[in-house]
Amino acid sequence: MSAWTVYLSGEIHSDWRERVVEGASALDLPIVFTAPGTDHDASDNCGVAILGSETSSFWKDHKGAKLNGIRTRTLLEKADIVVVRFGDRYKQWNAAFDAGYAAALGKPLIVNHPPDLTHPLKEVDAAALAVCETPEQVVEVLRYVTTGALAG
Amino acid sequence: MSAWTVYLSGEIHSDWRERVVEGASALDLPIVFTAPGTDHDASDNCGVAILGSETSSFWKDHKGAKLNGIRTRTLLEKADIVVVRFGDRYKQWNAAFDAGYAAALGKPLIVNHPPDLTHPLKEVDAAALAVCETPEQVVEVLRYVTTGALAG
Amino acid sequence: MSAWTVYLSGEIHSDWRERVVEGASALDLPIVFTAPGTDHDASDNCGVAILGSETSSFWKDHKGAKLNGIRTRTLLEKADIVVVRFGDRYKQWNAAFDAGYAAALGKPLIVNHPPDLTHPLKEVDAAALAVCETPEQVVEVLRYVTTGALAG
Amino acid sequence: MSAWTVYLSGEIHSDWRERVVEGASALDLPIVFTAPGTDHDASDNCGVAILGSETSSFWKDHKGAKLNGIRTRTLLEKADIVVVRFGDRYKQWNAAFDAGYAAALGKPLIVNHPPDLTHPLKEVDAAALAVCETPEQVVEVLRYVTTGALAG
Amino acid sequence: MSAWTVYLSGEIHSDWRERVVEGASALDLPIVFTAPGTDHDASDNCGVAILGSETSSFWKDHKGAKLNGIRTRTLLEKADIVVVRFGDRYKQWNAAFDAGYAAALGKPLIVNHPPDLTHPLKEVDAAALAVCETPEQVVEVLRYVTTGALAG
Amino acid sequence: MSAWTVYLSGEIHSDWRERVVEGASALDLPIVFTAPGTDHDASDNCGVAILGSETSSFWKDHKGAKLNGIRTRTLLEKADIVVVRFGDRYKQWNAAFDAGYAAALGKPLIVNHPPDLTHPLKEVDAAALAVCETPEQVVEVLRYVTTGALAG
Amino acid sequence: MSAWTVYLSGEIHSDWRERVVEGASALDLPIVFTAPGTDHDASDNCGVAILGSETSSFWKDHKGAKLNGIRTRTLLEKADIVVVRFGDRYKQWNAAFDAGYAAALGKPLIVNHPPDLTHPLKEVDAAALAVCETPEQVVEVLRYVTTGALAG
Amino acid sequence: MSAWTVYLSGEIHSDWRERVVEGASALDLPIVFTAPGTDHDASDNCGVAILGSETSSFWKDHKGAKLNGIRTRTLLEKADIVVVRFGDRYKQWNAAFDAGYAAALGKPLIVNHPPDLTHPLKEVDAAALAVCETPEQVVEVLRYVTTGALAG
């Protein structure tokens, strides 16, 4: 296989994607990374910005979330592997939604979260093939999966 | 169709399932309801209770969540309609996971949550065919869907 | 097979469903018929009646159409055979949408329309296994398909 | 993802496809566009032109529509995103058929039509992830979906 | 499993179906048998008899074959096991078509034909899980498959 | 759900199936159990017994294994849950094959084996939602999954 | 779409494939053609030539047909369009099998045969989107489908 | 088809993969080979090496097997053809698991094992389209399948 496609879902308020992408790049792994839009404001406002304003916040959110869904759903379905990251802020229900979506599609799932989230995330972890505490572990998993080699 | 199968996912700390089931029963709707186990303690402890104790809380949770997954996944796949309820407590990532799972399977999805959760749930709502604020609205949606009739 | 499930999609302003159902009943055919809601007002107003009023007619329509979709999509997917009827009034885009949906699911499709609609419906007819001009022909097709016998 | 494939279904009597394609090109979006044949006469006559004349207009239409279906069905199934445009002329049942077909395949659907068609198209819009009034909005949706960026 | 559904495709000019059904009945096997219409004249004429006459024999055949296809395709998809019988007369391309259709659906396939047809049927046999020379062998295969017991 | 279908694959030389079935029966669990043929001799000889003798042991085995496959494949695909038991004798490659087959179909998988087989079965266990050491644990898992209740 | 993949199934004793491929090449159509092995002797003998001799002609045929099936099945599943040609010699059951296989996969099907085979091929034709009498018509269909243009 | 993807599953303690790959390379076959990681120690230890140590050997194996599963499952699903090799050592249940997984996905399966394993592998062989005794036969099968030509 010439290249693996890995979708990086979840948290958009930390540098975890950069750490995964740069770590994989440093190892020259044969991976194409994809991701949702990570500009929080654009993600919230895209619906009304493009399709017209709404007086109701429900419909503003609805129109925006559907636009985001065009990208998210397409990239999830095209991914070979889905990584979902949960951080320590926000509800992050869209991350859990993506994990369920990926699981139902039969995509190999890697979950990344701090250990103190283990109990509330146990159903998500139970669907995963790897549960990582750090982005660096995600890189090591990807190295092993795509090359068969372990560090050192 | 003689009967519809409706899976009631999500919150287990309020009486919303009873309100939906009793409301549907009072209207004599042709619905068979299914649900996850709703005994919180059993849900947390089932893994070690049946398959043996663990010293690590991660594996205790893991074994339990997988047992819960046998029931959850089977009932989700057999449902005609999936209702997911979000309340105001807990992380509820498993509810969002179920919503994503149902969406990827193409199941018609009804979401029920208080209006103040609209913004963090916008991606979940965007995948739904109905967003209800109360269990009574869920009953009315089910009445309309299964019989074609509106209240009054 | 003990019974066939036949979904009757399309026109709701004539008696064609009654003619099909009564014709099949008179022949004692082993068929369970399903259909969308056929109360036009309920179909238009269900969204706001159940889920709350809207100031925008777009969202009023949107909420209603999604509720109708819960029923329509479920019954389409459960049907063995889908019949779609086009009459001489209205745009009937939802009938054509249902025909496309059924075709993509690989459901055997029977189309019923007056002959003067042949040209604009040619793509829909091309996906059908039978094109009938009258509901009585639909009954005869169903008799032949479910029993192997022709009239007379 | 190196490039997105977007299928442009529907109206063939206006310049909307050119406006979408040129708009996307001006923004250098990573999109490959596909479309049905847009020569109305060829579309009507292809069946008899290639496979032999018919005395019945039904079979003339039938043969042609099936040839068109080879292209349409293949491109719909290969598309990442399907855009369906409804204009103000003709029955356009094939556009609604394509929308239903795309929806059943789970393709993200973008609908484009003038606002006065909202009511008769409500079931089609209900299946869409974006409802645009103009081709320029389609371009902005595609820009956001494929790049994550909003205009300006 | 309370009952198995077995579809009996192919030859309609011998008594092989009766021999299979009666043999299974004598053994009280838990099987529901289904079959295409077996009235050759009805099968040839159904299209024009129901949907109107044709001057071209191609379209007469076409309309009839499509009606037959509604029954055939539905029953093939609902079958647990498909049996296809080839006799020594006629082209029987529809039998081979059904075998290919069943194979692509992943249905367990039992083929029944006289041994002198082995060479031209080798691709069909290669897709089968059992190749029988007689209807009585088909009955024995079904006995073993549904009950686990061998004769005598 | 009125009843769950549970397929019991694997070892045929111990009483584990009886222990599972009787344990479930004693608890009045809503389960219909299915299983492969468990008569070892019939399983080995069915091909030649029904379809004619072979001089080569390869083809004798081949014909028999394919007949067994008609039952096995059908019941695996119809099961809600698949249990696979590995004992301490024989190669049991067909048990591992069934486990892989069930996993690819997305069936919830319960594996039962003595603890000393953990290392060679680690890939099979990794695909399971429960790993039991005894048939009694299988019963307890099934009780919990189908009723939500734990023992005691 | 940069190129279409077209699988040419059926008759191997005439020059129809060359006529299709050369015709498409002369028009510079964006098509990659695939085909089964067309060396009749290799097709018959491949099983025993590679995997060892057989005393029974049934198993000789069986081993060969399965090897051919590896190629055939893979290329059918990868094709965008399947063309099946029936000539005037031989049983050609494998061609009809391929047509059924392609139909069940939902592949657009083009059938090519002389008009005197219409009646026995009516079920195959009924599943096709185009029925051609000559390879030159197949080329014209492919030209129209892939470019939207008609001859001259 | 420009290149075929062939996954080489099973035995990792002999040089069979090299013999297949080199044999195919010598013939310049249009094949891209993929394989699981073949470093036995890495395969056993990857879980704890990357994701943290375990005191229980069960969980050590479990974590490692799941990481291996990310690679294995992805490559199996992307393969055109799956080859599974059984040698004369070890339990090799993961090889049989892969064979079952590939069979359920409908992948053409080639099995390679010494003749003395025929009886215990009969169910695996029964799902295969070719059963080879040597890696050299695997190469010849691949040559024939991908080029249509036999040796010599």
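As written, the chain order gives the labels A, B, C, D, E, F, G and H, with residue 1 at the start of each chain.
Note that contacts are C-beta pairs under 8 Å (C-beta built on N, C-alpha and C of every residue); 3 or more make two chains touch, one makes a residue touch a chain.
The shown structure was predicted, so the numbers you read here are calculated from the model rather than taken from an experiment.
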item: Graph distance between subunit C and subunit F, where chains that touch are linked; value: 2
item: Copies subunit H and subunit A - interface residue numbers shared by over half, same or different; value: different
item: Furthest chain, CA centroid comparison against subunit F; value: D
item: Centroid spacing, where centroids are CA-atom means, of subunit C and subunit E in whole angstrom; value: 31
item: Subunit B and subunit G, separation of their C-alpha mean positions in angstrom; value: 49
item: Interface hub residues of subunit C, defined as touching at least two other chains; value: 66, 69, 126, 129, 131
item: Residues on subunit B engaged by subunit C in the complex (per definition of touch); value: 1-2, 4, 80-81, 108, 110, 129-133, 137, 140-141, 144-146, 148-151
item: Residue numbers on subunit D that touch subunit C, as the complex places them; value: 57-58, 61-62, 64-66, 68-69, 72, 86, 90-105, 115, 117-127, 131
item: Interfacial residue positions of subunit G with respect to subunit H in the complex; value: 5, 32, 34, 36-39, 42, 45-46, 49-52, 63, 66-67, 69-71, 73-75, 78
